[in-house]
Amino acid sequence: MPGKSPSLYDLKKTTVWFAISSLVLLISLVAMVLEDSTREWKHWQKEFVTYSREKAEGELQKARKAVDQKKLAALEAQLVEAHMSANEQKSKVRELEKETAALAIKITQTTMRYQNEKQFQDSDRYFLEEHRLHHEDEQAAEFAKRMEERAPVIDSLKRDLEGLQAEDDARKESINEITQKARELTRQIQQLTESITRLESTVKKLSPNVATAILNAPMLDFMKPTLQIQQIVLENLYDDYFFKKSNKVDRCTTCHLGIDQTGFEDAPKPFQTHPRLELFLSANSPHPAETFGCTTCHGGSGQSVSFTTAAHTPQSDEQAAEWKKDYGWREMTHAISKMLPLSYTEASCTKCHGGVVDVPQAPKLAEGRRLARTYGCAGCHKIEGFEKQWKVGPSLEHVQSKLEPDWIIRWLMNPKEFRASTKMPRIFHLENTSDVKSAEKSDASIAGIAAYLMKNSDPIALGSLPTKGNPEAGEALVKEVGCLGCHTAAGVDANNFGPELTGLGSKVTPEWLYAWLKDPKHYSSETRMPNMRLSNEEAAHITAYLLEDRNEKFESIRLPIVKSEVVDGLAMMFLKGRLRYDDAQAKLNAMSAQERLEFIGEKTIVHQGCFGCHTIHGFEDTKPIGTELTDEGSKDVHKLDFGLIHLDHTRQAWFYQKLKEPRIFDRGKEKVYHEKLRMPDFGFNDDQAERLTTFLLSLQKEDIPLEMSKQLDLREQEIERGRYLVAKFNCQGCHTLDGQEGKVRKVFDDAGNAPPLLTGEGKKVDGGWLYDFLEKPVTIRPWLSYRMPTFEFDEESLTHIVRYFENLSEVPISYKDDTPKPTAENIEAGKKLFKAFQCIKCHKSNPEPGLSASFLAPDLVMTKSRLRPDWVVEWLMDPQALQEGTMMPTFFYDGQSPMPEILGGDALRQSEAIRDYLWLFNAEEAHGAAQPQVPQAG
Amino acid sequence: MSEEQPKPPSSPPASAPKTQPPVSVARRHFLFTWLGFAWTGFAAATLAALSTCLRFMFPNVLFEPNPIFNAGKPDDYDIGKVDLRWKEKYAVWLVREPEGMYALSTVCTHLGCTPSWMESEQKFKCPCHGSGFYASGINFEGPAPRPLERYAIRLGEDGNIIVDKSRKFQQEKGEWNQPDSFLYL
Amino acid sequence: MKKIAKVTLTTLFVLAVWSASSYAGMVSGTVKFDGAAPEAAVISMDADPTCAGAHSESVLSEEVVVGDAGALQNVFVYVKEGLEGQTFDTPSTPVTLDQKGCQYKPHVFGVQVGQPVDIINSDPTLHNVHGLPKNSKEFNLGMPIPGMRVKRKFDSAEVMVKFKCDVHPWMNAYVGVVSHPFFSTTGSDGSFEIKDLPAGSYVLEAWHEKYGTQTMNVTVDDAAPQSASFTFTG
Amino acid sequence: MGEAIKAAIDAFASPVSIFVGSILVFAVFMTFPKQCTTRWVSAVFAVLFLAFFAFGLTDEHFRGIVTKPDNVPIVAMLFIFGYFTWFAMKKAVDNDERIAKGEPPWEKTEADEKVMVFPYLIYIEFVVALFCSIGLVLWSIFLKAPLEEPANPTISPNPSKAPWYFLGLQEMLVYFDPWIAGVLLPTFIILGLCALPYIDRDTKTSGFYSYAARKMPIMFFMFGFWILWILLIIVGTFLRGPNWNFFGPFEVWDVHKVVPLVNINLSEIIFIKWLSQGLPSNWFLREAPGILIVLFYFAVPPVLMAKTVCKKIYEKVGPERYGVFIILMLMMLALPIKMFLRWGFNLKYIVAIPEFFFNI
Amino acid sequence: MGENQDKEEPKKKSSLNFLSRIKLPKFSWKDFRLKTQVGKSMFRHGYSDDEKDRAMTVLTNVFFHLHPVRVRKSGARFGFTWCAGGLTFFIFLTLVVSGIMLMFYYRPTVEYAYNDIIALREHVPFGIMRELHRWGAHAMIITVWLHMFRVFMTGSYKPPREFNWVIGVILLVLTLLLSFTGYLLPWDQLAIWAITVGTNMARATPFLGHEGPGAALLALGDIQLIHSGSDVRFALLGGRFVGEAALLRFYILHCVAIPVAAVILMAVHFWRIRKDGGISAPL
């Protein structure tokens, strides 16, 4: 056959090609294997092994040094001795062991027999029962008989077994006794060297060796690789893939290997311990990793195991450059979820923590939310959860009684000119309206607003000042009476809740200010400014003081000249929006110049949304002008207009830029005046912008299952309601409360003069008393110059605040009468103790003026109506425990009374006795007690 | 098939020309020819491709519950009771004895069914083939060839019981004496 | 004599080599105030007649007490650095802090961690000892009965811990809590002395209630006492 | 009356009785194929079988098991295979008679004639396919595919059964460890089937039904197929209830039935029962007797048989083929042997090394 | 099939005469077959009852030409072959078709699988496809066994057909595996436990199963190389127990991998029948 058909080519040459192609294929396959087995995450795991080995080696060295060698040597010597003495009894042990071996056989045999018999018994029982059920009495009787016969056998076998076991136990016990000492010593030695042994094995385990190399070798790494992808599957959290949700899978711990372990705080980057382990990741924290994972808060692609695809987001351009260099990072352009830069992580908290005033443990977000509240974002932007937000600006319903139109115009030109710290943003003459034409229009608008406000506000009755007032006395009053609890004034900057009290002389009249100070609600029913219950003189003094300060520069600002054609143009612009040109023209013609001004003022107010912050007549029901921000944090980036600005296309970058320079996205754009961006300039600094950005990012809607999100219980809801009021009325401006230091307290050198701490107040004071007090404050600490103002709370708010305090202290609602029912003995003892402890020394009923505040404590006559009886006892026992740093000393150190002869020296009973006495304490008693100053010798 | 060829001695060797040298030399020679290289390389490449396919069947991550889990505090368990609370989620029984605890696998050593704990009879009974085990895990009836396996159990730093299912202890190998097979309390 | 000294020195040297710590070093010196001494303020004790009655003359504040030749009293001098990692026995003898004439005696003193401070009320009036440590637990003890005593310890080192009496706001005292016995307080002559300091180099710190702290490096050997002086200026 | 019969059947039924009975029937059938395939005998068989079945269907429990959707194919298979076994044997016996008379087998008479595939063969196929379709459609209409509760890994049904065609293997698990019953034996079944044509190579006896011409292979095959496969499937499907306990065909599957399982390993018998010693701690020492027995089983009988019973075969096929054949045969026989050891002596394992999961 | 009708056509024509009265456009099958290009292109043989055209029918039809043109009379007898092999193939085709249909509605995931089976039971049009598929699978196992039984009883496994017998054995195993893998897909208790019991045997595979004899010897020091996460059962199930991965794997095996292998082997099997001398007959 061969040779008959012609050959096409040289087979040998083709064989060469065959060989080459086979080999090259083999090589490519090997390359494929290598490519598959060298992955980025493996590199980090290897690094981690090296790092932890070095760490363990260091610890090992320390541990070796720490071991008490002398003790160890002594123990070892003892052990040798113990072994020797045990060896002496070796023959006995051997004997015993032989016996146990023999016993073991017997036990096995007996067990087998026992089990056999028992199984037959069980089986027979089944059949007996079956037959009985079917009324087959004959067979049943048969089985019953069998069982009866077998029962004693089983019993005896069981007894035998128990006997054998007992014998066995006895022998084992005697063997144990002989080796007891040696074992105990071995255990002690082990205990002593435990950490060394542990660390040695760790080091050994982490050292490179052949076994690990094989286990991690390509192709073989399916068996038991030491390098492994770590993942957490989150059962109740989901990634949203639009059609369907899919369980979140976080593999971050593949590289962040030390993240949930203590001891890696100083480790290099991916291995570092999480900075807040007590709050996150650890099993006992509120957010264990098993349940919440990583990307729930940080964002990013949890499933990814490489630096880039995990969608790490750099904090800054510098970091981006660094990452590019170190990790070959690039931006994931088509990723669904990118990581939040670390500075904005707190934005994720609100995914689960909704319905609260401030998210606990999220200071930046809390600050952002506070800023949003105080700057009144919700005035223009609808934000779910901020519906109850109060208007942050003053009411303008009666503005004509307060301000001059010129002042309004100057103010609107640039509010910061008058008061640098004002929260009123600049609306006009900003970047995109700074060209000449726009500026003219802005000037006209401002004049229009002033005209409108003057016309559309009602005057209020203003009385005249009773005296001229002394500015110096006024200054003292401002400092003493409590103004600083909200305002920056008199050179003291503790609070910036209310407006800074500067330049008022250039702004308001003495009559208005006097009326305002006497009763703020008279001018504005909605104001949060409380009534300080100032006397006429006091009000006059403060008025005199505050009006002393004038802002000359502001006063000298030249008022813009408003051209009538600009006014007409603007008016036409507004009119054309609704009407046909001719009708608009007709309408304009029908208006007088003043009317035209007022018209454009009205329209500008609508256009700029002034009513978002101020109550203005005619705009009570107008809808706010801003975009709704409820979902802003999850808004599609493509929906944000970046204009012509070069900026990272991320939400955070846009928000930050917008907050810093609200009109920047108009830059380079050609727009007509009324289409330009309107967001006013609040003059936020970098920190504020970052915090607000965090806040904006936190406004996202993600469907978190109910069981995963924080559900407020009734108590927490009541607390949140209280927190809202506390934030609204700035209680923490003066009082330390709810974990926040009273802001004004730092002004005081003597803490005794500062407004009282309210920590634990709910437990301390009677709820009914508190309600009355808040409604109508009375003096508790006469030495304090600070006054608890009258806020004129409504009933609902009062209840909320009282419940807030009670809930904070976890005081249950109780209808039980808790008035103490004292015995005569107790009263007597209480009186004695009261004297002995010289309580009256500090708790004076009518303190002499001029004494240091530290010397003074509240009047005890008030106790029974004000305080809770249980609290009083607890307080007397150990005041420091309830209020750290209090000046109230304890008289029962370490629970021991210094007066052993009273009531058996029992501290608790003595405290109760004092309490009982206090419940009978009245003004006469106080007077009597204050008289004998000489203490009794004890 | 392979037996077929050497059998009939009479059949003429059609494929092997007589001019070939003796077999052993031919083999060595073959290896160093191009054809030898070619086939060796081809065989190796095929083998490599097949083994990658095989390796493909072993995923690098598993979506199975974490083998290490936290079982709460020892006080949550009644002494002398077989605890069934982790049976469904982790396939583990925790048995609390006066001197400590151990974790038993719920997998029957016969064919992997799940036995049920019979409280009245104080035994585990496998529904598939009737194997029976004591609460200790020792098999005493049925086809099960060996006792139930125990898992590693220890006390975490926070006082919680940590069960590690990735480490098993088998009685027949004498592993029940190892430290983590029993948690002394 | 020389021989004995030699033997002693050799022994000491051997001991030093053997235990790497010898207790021979001593640092002493004075603290001076440079400039005109400020006039001490007069304390008014009118608020509590008992206190006022205890003094016949007007009582001066002890904040700055300058003696002859500018000797500054009430300066606490201690070894700040150089003893890390060493442990020292805690003395069980208490340090006494007396409240007498509505003043703390002494005004500045030192105590070792764990060493008891015996606080006495020698006045027939109510005092409360309000200790304000930051590292240890704060305490506030009312002492209504004359002659009452109470012992308190500090759990961790802290320089300085302030004592005050809330009943008598002018009363205060300062205690330096350190973890070793190497500290001293200047007396009326402004001198201090730290004994038995093992050889080595240390950082000394001097603390004054009003003028803050100063530090100084000293090297102690066995040969001779080391002297160190601080000067505070107003 | 009916109940009494049921009770009697239940009482009689046990793995042993069923096995022994079946082997007896099998032996009779194989020894007297001619007599057994006559019209009258087969009719009696058929009637008896159908009668039993009809009688059984009156029983609720029996009906429940037999008409369980997934068990229906087994019943169908029983009838089909019963019929075709009879049919094949009938043809074989006919042919054997012809050959005995010196005539060629019936197939031979038509072997040299060829017919057109189209239409003759294709028509048959076509019609058969149509009948098959009819069967499937009707089956599907009258019997719905089963669907139980959703899969729940934590609740294993009692009993848990493999698909019916693997129940033979599952039944073997009663007697052997999984590695033998589930891995080794199936492998040997497959290998044995594959090896068959390389051992039995006599081309003269192919292409026609015959029993006389291929007595040995047919006997082995039928034993393996009917006794060790079909019968085990029947036992595993119909007669194994909760806890894998044996139940008679009319016995209600009671979960609580307790049957003493007092199996014991060979090593325990030897060391504890006979020698009254403890088990040696060394596993090799402990299992040495069992290992020896197993080695003996695979080493000695082949040699002996080659010299005696199987001398002819040995000479005919040569040592290699004989070796393969005898190993396969011994493997096959290992199953009934182990069964009888279990029934007779409660023997659990001949070799029990749980340390290495090695139990025989 | 078409051919059968072809033959009848001319005879029946007369009886259908009344139809021509309804003035239908005239259509002659014969003309279409023999005269039009379309007809000619579709059938490459003539149109008469003679041997040549019958032979051509088989030869020129890709499906029929699995058969030779002529077969031995004995081999064509139903009594000889029981048609078991052909039936098996036919059922296989039925299963392929019904299986493909089922794939349109069935999703092999733990959340949907059971639902989809319920859908087939409750509302999918002709959800009976599932019954056809399931019972067909059972029937195929029976016919495969029957085919093997028949081949054995006629001694047809002997040379020269021994290799084809081996292929047949492999096909038998594949059939069982097909049925076994399909058993899991309804994802009910029946399925999961049958597969659990079945696959648990793989744990005992010597060396490769983690509970198989010898697996303990494959260890590096105290690290067991073969464990429940690396043994042959794991490769089969894609997990340590029958779960999501196992469902998917069994689905792929059932729908793609094994059928492809079976089809390839069937082709070889059929081809070898002819190459090995057709249906066996006595020499």
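Read from first to last, the chains carry the letters A, B, C, D and E; within each, the first residue is number 1.
Throughout what follows, a residue touches a chain if its C-beta (ideal position, glycine included) is under 8 Å from a C-beta of that chain, and two chains touch if they have at least 3 such contacts.
Predicted, not measured: the structure shown is a model, and the values here were computed from it.
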**Study point:** Common touching chains of chain E and chain C
**Key:** A
Practice item. Would you pick out the chains that touch chain B and also touch chain C? Key: A
**Study point:** Between D-E and A-E, the pair joined by more C-beta contacts
**Key:** D-E
Check your understanding: Computing the C-alpha centre of each chain, which chain sits at the greatest distance from chain A?
Key -> D
Exercise for review: Mind checking the centre-to-centre distance between chain A and chain B? Centres are C-alpha means, answer in whole Å.
Suggested key: 47
**Study point:** Between chain C and chain A, distance of the C-alpha-averaged centres to the nearest whole Å
**Key:** 43
Check your understanding: So how far apart, in whole Å, are chain B and chain E when each is placed at the average of its C-alpha atoms?
Key -> 35
Point to revise | chain A-chain D separation of Cα centroids, rounded to whole Å | key: 72
Point to revise | Residues of chain C touching at least two other chains | key: none
Revision key, fill the gap. Residues of chain E that touch at least two other chains are 193, 196-197, 200-201, 203, 229-230, 241, 243
Study note, to complete from the structure: Listed in rising order, chain A residues that touch 2 or more other chains are 115, 119, 222
**Study point:** Chain-to-chain touches, reported pairwise for every pair that qualifies
**Key:** A-B, A-C, A-D, A-E, B-D, B-E, D-E
Check your understanding: In the complex of these two chains, what residues of chain B are touching chain A?
Key -> 33-35, 37-42, 44-45, 48-49, 51-52, 55, 58, 60-61, 63, 66, 70, 140-141, 156, 158, 160
Review point. Which part of chain A faces chain B closely enough to touch in the complex?
Key: 12, 15-16, 18-19, 22-23, 25-26, 29-30, 32-33, 115, 119, 219, 222, 228-229, 231-233, 249, 251, 283-284, 290
Revision key, fill the gap. In their shared complex, chain D is touched by residues of chain E numbered 1, 3-4, 51, 54-55, 57-58, 64, 67-80, 82-83, 86-87, 90-91, 94, 110, 114, 117-118, 121, 128, 130-132, 134-136, 138-139, 141-142, 145-146, 148-150, 152-162, 165-166, 169, 172-173, 176, 179-180, 183, 186-194, 196-198, 200-206, 209, 211-217, 241-243, 280-283
Study note, to complete from the structure: The answer for chain A against chain E in the complex is residues 211, 214-215, 222-224
Check your understanding: For the complex, which residues does chain A have touching chain C?
Key -> 750, 752, 836-838, 841-842, 851-852, 854-855, 879-880, 884-891, 893, 898-899, 933-935, 937-938
